[in-house]
Amino acid sequence: MHHLTRLTRREAMRTMITGSLAATLLDFTQGGQVMSEGAQQSGSTTPQLPLAYRGEHQVKPLPFDAAKLKGLSEKLISSHHQNNYSGAVRRLNQIQQQIGSLPKDAAPYQMGSLKREELIATNSMIQHEFYFGNLGGDGKASGTIVDLLKTQYGTFEAWEHDFRLIGMSLAGGSGWVILNYNLRENTVHNYWAWDHTHSLAWGVPLLVMDMYEHSYHMDYGANARGYIDAFFQNINWDEVNRRAEAARSRK
Amino acid sequence: MHHLTRLTRREAMRTMITGSLAATLLDFTQGGQVMSEGAQQSGSTTPQLPLAYRGEHQVKPLPFDAAKLKGLSEKLISSHHQNNYSGAVRRLNQIQQQIGSLPKDAAPYQMGSLKREELIATNSMIQHEFYFGNLGGDGKASGTIVDLLKTQYGTFEAWEHDFRLIGMSLAGGSGWVILNYNLRENTVHNYWAWDHTHSLAWGVPLLVMDMYEHSYHMDYGANARGYIDAFFQNINWDEVNRRAEAARSRK
Amino acid sequence: MHHLTRLTRREAMRTMITGSLAATLLDFTQGGQVMSEGAQQSGSTTPQLPLAYRGEHQVKPLPFDAAKLKGLSEKLISSHHQNNYSGAVRRLNQIQQQIGSLPKDAAPYQMGSLKREELIATNSMIQHEFYFGNLGGDGKASGTIVDLLKTQYGTFEAWEHDFRLIGMSLAGGSGWVILNYNLRENTVHNYWAWDHTHSLAWGVPLLVMDMYEHSYHMDYGANARGYIDAFFQNINWDEVNRRAEAARSRK
Amino acid sequence: MHHLTRLTRREAMRTMITGSLAATLLDFTQGGQVMSEGAQQSGSTTPQLPLAYRGEHQVKPLPFDAAKLKGLSEKLISSHHQNNYSGAVRRLNQIQQQIGSLPKDAAPYQMGSLKREELIATNSMIQHEFYFGNLGGDGKASGTIVDLLKTQYGTFEAWEHDFRLIGMSLAGGSGWVILNYNLRENTVHNYWAWDHTHSLAWGVPLLVMDMYEHSYHMDYGANARGYIDAFFQNINWDEVNRRAEAARSRK
């Protein structure tokens, strides 16, 4: 920093803001509105971060009317979408901007700790979008997915028992149950996830059930089984079929 | 089990072996050779598990000559393939058979604990296959992947710095660094994984670097940086390009 | 098992029940009531498991009137105690009995997967007992703990800011914030825990705040900050002081 | 930052350096030597961080001659101590200083991500000290600990089988096996840890076995069983007895 003596104060500030120090000048406190102080003051644009860390992910609206689900209240669904899902998207944007602003000589643990946060927020965003995307239906399964499930699990009921039991193993805690299209095997299979970081390494989510307690506690308290029943009554199997057919045609 | 008094001993054994108790009768000790005692005794076949839990995954051979890598010894690579990768495949088969043999009234934690083991073994299998698959090359990047990386990270060097720093954050421990094709964003991005359970929820691995210490300790001791240098010298960028083009065309 | 032909059916059953197969005969379905079928049938006692895996942990009652907390409803506290805490104790007993019944030649992953479940249930039991134990007070800190906190954090307010911010980092997910007495340093320090498995390796919990969503969602929805405010109003600092003084005198 | 116009450049720099922005000015690149640019420039001392985040942990030397263990090479042990253990201590100091320098309005995820790194480094430090502390002996168990183990596990051999099987479940990956003095139960019990973050929430480590691959890969490759054999031949049971007696007297 010895070269600072050759810069004006304004130039010094800009150097820092646009260089490796930008992260600390970001304002993380205003509900996801992230802008550098420098940009706020001068109106000038700071040099863009590379796309990888520009953090411009957008929240997707609920694909159904939150007031119309069976056994899951509008208040629960709206809070889930506005706080947990949307919060993850906003946080992801902040995290990526902070990673993009790390000094070149950052300690490895600084990078690792933020990349973990990025993975958490990224998967939370993705899984929530699949989750909301496979709700809003009438819960009646038919078509491609039923065939695929029967092929792998013998009967639809055997698959459902398997999926529900994984869900119950996460009751009282956190996690996801994910029916994935496994791209190595070219088959469908249920997977367990203890938190947002967990996922099949090479697959396409077909049916995603959120088991974080924010998915049900407001309506069901500790009664996870009641929530799972309600979840099944609202599955949009048409959407699951669309996903399955798209995944299958990719191989 | 009070009804046992109405069965012959042989019938009782068969009921248990072919029914919900089969799991404990599996012989997990003989290098992945899993067969129920009942089948061994009688020669009769036990009813097949459903495909989902039949556990018939196969080990894939190394796609290159283990003696020909630069800076990574044949002994290291062979041990990695035979013990760590192949062991995961064998274990996955055992785990899936055990899940398939759980009693219908298994406690949820029994299911959850085995599904976690299944996820670990599944992802270890998948990531190792991508890892070995992207070794054996000359380390010279060109083509599609270079364009994709420049678009996201500004320069190839900026991407490489990012990828290596994630790797160093895992030095002395475990994990993977994965350049993924993110299917939500339709872009390439580096991801951090602390262990086998971690992964982007919706993506295609393009370039995978194993950071478990079994990937380098035999040759490099604690010198993870030396290992990463060697890894980069052996990257098969043609394979990475094939993966990237296949992933891109899927969207 | 070829020797079965030399046994009567009753003897065969007893061999299995009292031997390595006992685990599968446990009844995990009746609310924690675990008894082998053999014992139920004959009235005879099965050989005791060693103490390490006998699973005889007892639920401790709430140390305060669940109806008397400020800002935390009786319904929330009772559900938390009856379902989440008591459920962990019951599950721990089942898990330990299952571990104690593993065959001698169990696959390592079988042992590991159950030991993880044991750690989860053990720490859930322990932390919940500390958590309920440090509630029911008037929220006014004084005495030894205040001195200890000032020594480490400068001011009580600085410590509280630190503790609350860790809590907020767990909002919308799971985990604990634990003010520990660190036995290596002989000092007090705040620790972050993402789930039940996480803990300082050598310490005594002094003040424990549950951040699993079952701690607040019923009353506060996604408003974790509101819950943390309520938590602070109910801290039993006398109990925290007792713990701190006991921990300090041990060194 | 609008008040910057009223400060000289030097004052502005000092404000930032000694205030909430200090973290980014720390030099993390010189082997644990952490000093702010401000202090380097002016020779003046920056205001001290509170003790909680001053990061002054010291490396403890090996308590035995690294050349004298049976079946564990001097090179392996020295590397383990110098790189993995000492690296954790140095990193812990950096992490704590960075936490202590977080702005007051840091985003919760920034705090959480660093507190996780702190837990990893803290437990790595602690467990490594217990690990090295219980090596250097003749491997012959006697005294208090044998009595305690027999009480819980029936026989010493049963305990050893249990401890080794947990170790094998971590082979090829990471983790610890820890014989703990459980302070809730006032008993000894084996615990599984998948990585540094895992630990019994209220206990005193008595015998600690490192299962990270850096503990054995240099000497044993994938042969974790061979390493465990060597570990047992070098256990310092006198030290384990000292720990057990100290732990027991605390209750």
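Brief remarks follow.
Chains: A, B, C and D, in written order; residue numbering restarts at 1 for each.
Everything below uses one rule, namely that a contact is a pair of C-beta atoms (placed from the backbone, for glycine too) under 8 Å apart; a residue touches a chain by one contact, two chains touch by 3 or more.
This is a predicted model, so every value here is computed, not measured.
Annotation: C-D is the more contact-rich of the chain pairs B-C and C-D, by number of C-beta pairs in contact.
The chain with its Cα centre farthest from the Cα centre of chain B is C. Taking each chain's centre as the mean of its C-alpha atoms, chain C lies 23 Å from chain D. Each chain gets a centre from the mean of its Cα atoms; for chain A and chain C, those two points are 29 Å apart.
Here the CA centre of chain B is 32 Å from the CA centre of chain C. Among all residues of chain B, those that touch two or more other chains are 106, 109, 112-113, 116, 194. Those residues of chain D that touch chain B in the shared complex are 75, 79, 83-84, 87, 172-174, 194-195, 212-214, 217-218, 221-222. Residues 1-2, 4, 9, 12-13, 20-21, 23-25, 27-29, 37, 41, 91, 94-95, 98, 103, 105-107, 109-110, 112-114, 116-117, 121 of chain B are the ones touching chain C in the complex. Listing the residues of chain A that touch chain B in their complex gives 50-52, 57, 104, 106, 108-109, 111-113, 115-116, 118-119, 122-123, 125-127, 129-130, 151-154, 158-159, 161-162, 165-166, 168-171, 178, 182-185, 187, 189-194, 197-205, 250.
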